[in-house]
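For reference, the structures are reproduced in the following blocks.
There are two complexes below, and they share subunit A, which is joined by subunit B in the first and by subunit C in the second.
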Partner chain A sequence: MHFVQLLVNGIVTGLIVALPALALSFTFAILRFANFAIGAMLTFGAYTAYVLNVAAEWPLVWAACGSAVLCGLVCVATDRAVYRRLRGRTSVTLLVASMGVAFFFENIVRLVFGNSIRGFDVEVARPIRLGELRVNHEQIVTLSVTCTALFLVWFLLTRTKLGRAMRAVADDPELAAVRGVDSDRVIAWTWFIVGGLTAIAAVLIGLDGAIEPLMGWNYVIIVFAAAILGGLASPMAAVAGALLLGVVEELATLALPSTYRTGVAFALIALLLLFRPWGLFGKPRVER
Partner chain B sequence: MTAYLLTIVTLVAIAAIVGLALNVQWGLGGMVNFGLGGFYTLGAYSCAILATSGVPPLGAMLSAMAICAVACMLVSLISLRLSEDYLAIVTLGFAECIRLVVLNEAWLTQGALGIPGIPRPFSDRVGADAYPVLFVAFTLGMLALVYALFERIARSPFGRALRAVREDPVVASTLGKRVWWLRMRAFGLGGVAIGAAGSLHAFYYTYIDPAQFGPIITAYAFMAVIAGGRGSHLGLLLGAGSVMVLLEGTRFLKDWIPFLDAGQLAALRLSLIGLGLVLLLIYRPQGLWPEYRLRVDGPRT
Partner chain C sequence: MQSLQIEGVCAGYGGRDIIHDVTVDVPAGSMVCVVGPNGSGKSTLMKSVAGLLPVRMGRIAIGGLDVTALGAPARARARLAYVPQERNVFRNMSIGENLRMGVEFLGIAGAAFEERVQRVHALFPELASRHRDQAGNLSGGQRQMLAFGCALMADPAVLLLDEPSAGLSPKYVDEMFEAIGRVHRMGITVFMIEQNTRKGLEHSQLGVLLVSGQVRAVMPAAALLGDEQFHRQYLGGH
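And then the complex of A and B:
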């Protein structure tokens, strides 16, 4: 029974990571660089929702939606201000720029809110018992919110014109341009979706743990591990990667203290890059 | 005032050594190292643990340099076959692991308490009041040594091969260069310098704890390299100096903006670094000082 509990916890942990991992793969697939600012965006999203929830006294659901829209807009603005001007440079330049963006946002948050730990204004609910299995209220919220978001993203990618354009740009930007896809518009929408997904995940992380300036930073390696597990450039596989990572992390607590979560993620990254750098589900592709 | 100046010079010199390390790894070799802070911690802790357990300080420092070099080479080995994006995450992950080990393995590192009473080199030669001057000289000497070594390397065939790999690994390997071996050696060389810088940090403070080693080290080094000009060691020294002056300048902001506490000032400083990094990348990617290029004068016509 203990094992099943760990499995459930692992799946929920994985679901929390799924949305940022998906967002990371989106930027990697469409903009072709590893966005290290993903952690700072998580922190930023959580604090935006916190302000809306606690200071403006919105219900958490609306605060999360508001934060998603705001974060999306901030991502689009950051793209206009920074990444767009660097397009055409090497991916390493963009990578370093994203680290600069991360330092900026994370420390603006720290400057305004300080280092103290905060939480959303929600009522504490008793965990539900199913036999010996304990399921938290937060875990059910995470499950339903993430699944809804994933369904929407899947719908967007496969059933809408924008989704088709996004996949076209990811596959071959020049061919897409020749076929009349407006890549600037696609990129702007991608950033908006990335920002929104990150903000929603940030609210879930804030519900699960606490809101503090380092919360996003602590997730960077885990999110990258999930995305690499799925093969960095395939968004939906990143979700599977996140679930697998969550379960592995929870099972690893049987052998290792839980403080080494990041260590487990790092070990997984190392093993994968050595033996299957194209991810668990992808196909080998020569890339230098 | 003299004491303050000596402190600043020592800290700038240590930071410049880290910057030089990044300049070899990223500037010359094109390999992003987001784990600088982690390797720096590794260097400081290796040196401190060895020195407090009876190894002579200079011996501890040399061992720390070797440990850092080996760690760098092993970490770079994980992703040498892949593009730079992966090396960035691998180094960052390694740095996080170092941080976790330092925090949690108290039997080795004393955890959050930190290691006090680290013996310093040459401390029996001069009195306590003259020691800061001697230590500054020692640190500057190390900086000069690393600078001379790296400058020589940049102008050697190895340095040129490295730049070729940075510009286009496929072309370099077509020309018969062993790309992974060049990269691994460059990464290890950077590790040697980071190990030295970490050891100097441990000697300087004689007490280290995990709170001293934040991401600021990595941020600062990137800022210095970008400001100075990637691949240019002289530019790096200029960059490291000017960034430090600017950052030290923010200390005096406290007189102007009294409502900021120390933590907020630190945050302000880091966000300024972030902003500066992005602005430099956009508006002055070549830095202050251009990179050395081998020029051969062709026959005049």
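And then the complex of A and C:
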């Protein structure tokens, strides 16, 4: 039973990371750079939802939706202000720019809210017991919200015109232009979706832990790890990477003190990437 | 049928022109082939006509409509189709999706779409059975066919071909030119650049010789093929 409990916890931990990892690999696939600002966007999303939830007294669901839309728009605006001007530069230039963006948003949050720890206005609920298995209310919320979001993203990518345009631009921007795809529009939509996914994940992280200016930072490495493990350029594989990471971390506590669990997960990643540099679940992309 | 006019076009990369004052008049319904040694600027010319490379000076018009200021997507909507030499299919998408991408962003769907898929399949039966396969797994020849098919999906008025025979085995080269001929007879204006000078000119009405980014000669393709001096310099004396 202990094993099942750890498995459930691991899956939920993984799912929390899945959305930002997905967002990260989106920007990587379409814009070809590692968006270092993902952590700061998480923080920003959580505080936006906090303001809507606590100050404006919206129910958390609506606050999360509002934050998703606002963060989507902020991402689109950031693209216009920063990344768009650097289009065509090397991915390192863009990476460095995204670090700047990260500092900017993080310090806006600090300036307005200070360093104190905050929480959403939600009622504390008892965990649900299924035999010996304990499932938190937040875990159920996380599970259903991420699964819905993931399904929507999958549907978007494979079944819609916008999704095909996104994949086309990811595959070959020049050819996409020749086929009539307006890449500026596709990029703007990509940023909107990235912002939305990040904000939703931020609310889940805030529910799971606390809201503070460094909350996003703490997730940067694990989010990158999940995306790389899945295969950076294949968005849905990032989800698998995140899940695996979460489960391994939790199961590692069976054999080792829990302080080492992140270490075990990263050792596993290092090992896997030695044999499959394109990621565990991604297929080697056809580049010839 | 529509014509393609290239008038006094200068274009290049990083502020340095590669093609200088290029003027080519492609009459409606004709097939015109640009030949020339490596590095003569054929690809640069093609990219500027397709809208992927901004033109520094000059004018490009499709059937009298000035498209100089338009980017590649807008030119595609003006019924200009372009088949790049390499990187000409979406490798991580299926063949069916590739064909769909040929029309989806030009505003064609429904019955017209199915009909056009049938037309492409009739032209290249090899593609019909592999609708779900990933395009990146196709052989070079099949890929070229798919790229050609995708361009045809858009029902273009003017078709740009960037070295249609590049990297193809002799069997595929003949098949390719056969297909180009059939498409041309449907009334599509064809403008191509070709490394395989003989094949390209044999199938065209007009030949353009481009050397060091400048047009050296424009004459009937047969005449260019028969020109002694041209032969000696560019066909290696055969």
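By our rule, the second predicted complex is superposed on the first by the 260 of 288 C-alpha atoms of A that agree within 3 Å, B and C clash if a C-alpha of one lies under 4 Å from a C-alpha of the other, contacts with A are read in each partner's own complex, and residues count from 1 in each chain.
As a working rule, a contact is a pair of C-beta atoms (placed from the backbone, for glycine too) under 8 Å apart; a residue touches a chain by one contact, two chains touch by 3 or more.
Note that the structure is a prediction, hence the values are computed from the model and not measured.
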Contacts of A:89 with subunit B and subunit C, given as first, second, both or neither: first
Contacts of A:33 with subunit B and subunit C, given as first, second, both or neither: first
Which of subunit B and subunit C A:116 touches, first, second, both or neither: neither
Comparing the two partners subunit B and subunit C, which touches a greater set of residues in subunit A: B
First (subunit B), second (subunit C), both or neither touched by A:172: second
Which of subunit B and subunit C A:182 touches, first, second, both or neither: second
Contacts on subunit A seen with subunit B and repeated with subunit C across the two complexes: 287-288
Complex contact set, residues of subunit C against subunit A: 50-52, 71-73, 76-77, 82, 84, 87-93, 97, 100-102, 104-106, 134, 136-137, 150, 154
For the subunit B and subunit A complex, residues of the former touching the latter: 26, 30, 32, 34, 78-79, 81-86, 88-90, 92-94, 96-97, 100, 103-104, 169-170, 215, 219, 222, 226, 263-264, 267-271, 273-278, 281-282, 285
Complex contact set, residues of subunit A against subunit B: 28, 33-34, 36, 82, 85-86, 89, 91-93, 95-97, 99-108, 110-111, 114-115, 217, 220-221, 224-225, 228, 232, 257, 259-260, 262-263, 265-266, 269-270, 273-274, 277, 287-288
Subunit C partner contacts - residues on subunit A that touch it in the complex: 161, 164-165, 167-168, 170-172, 174-182, 285-288
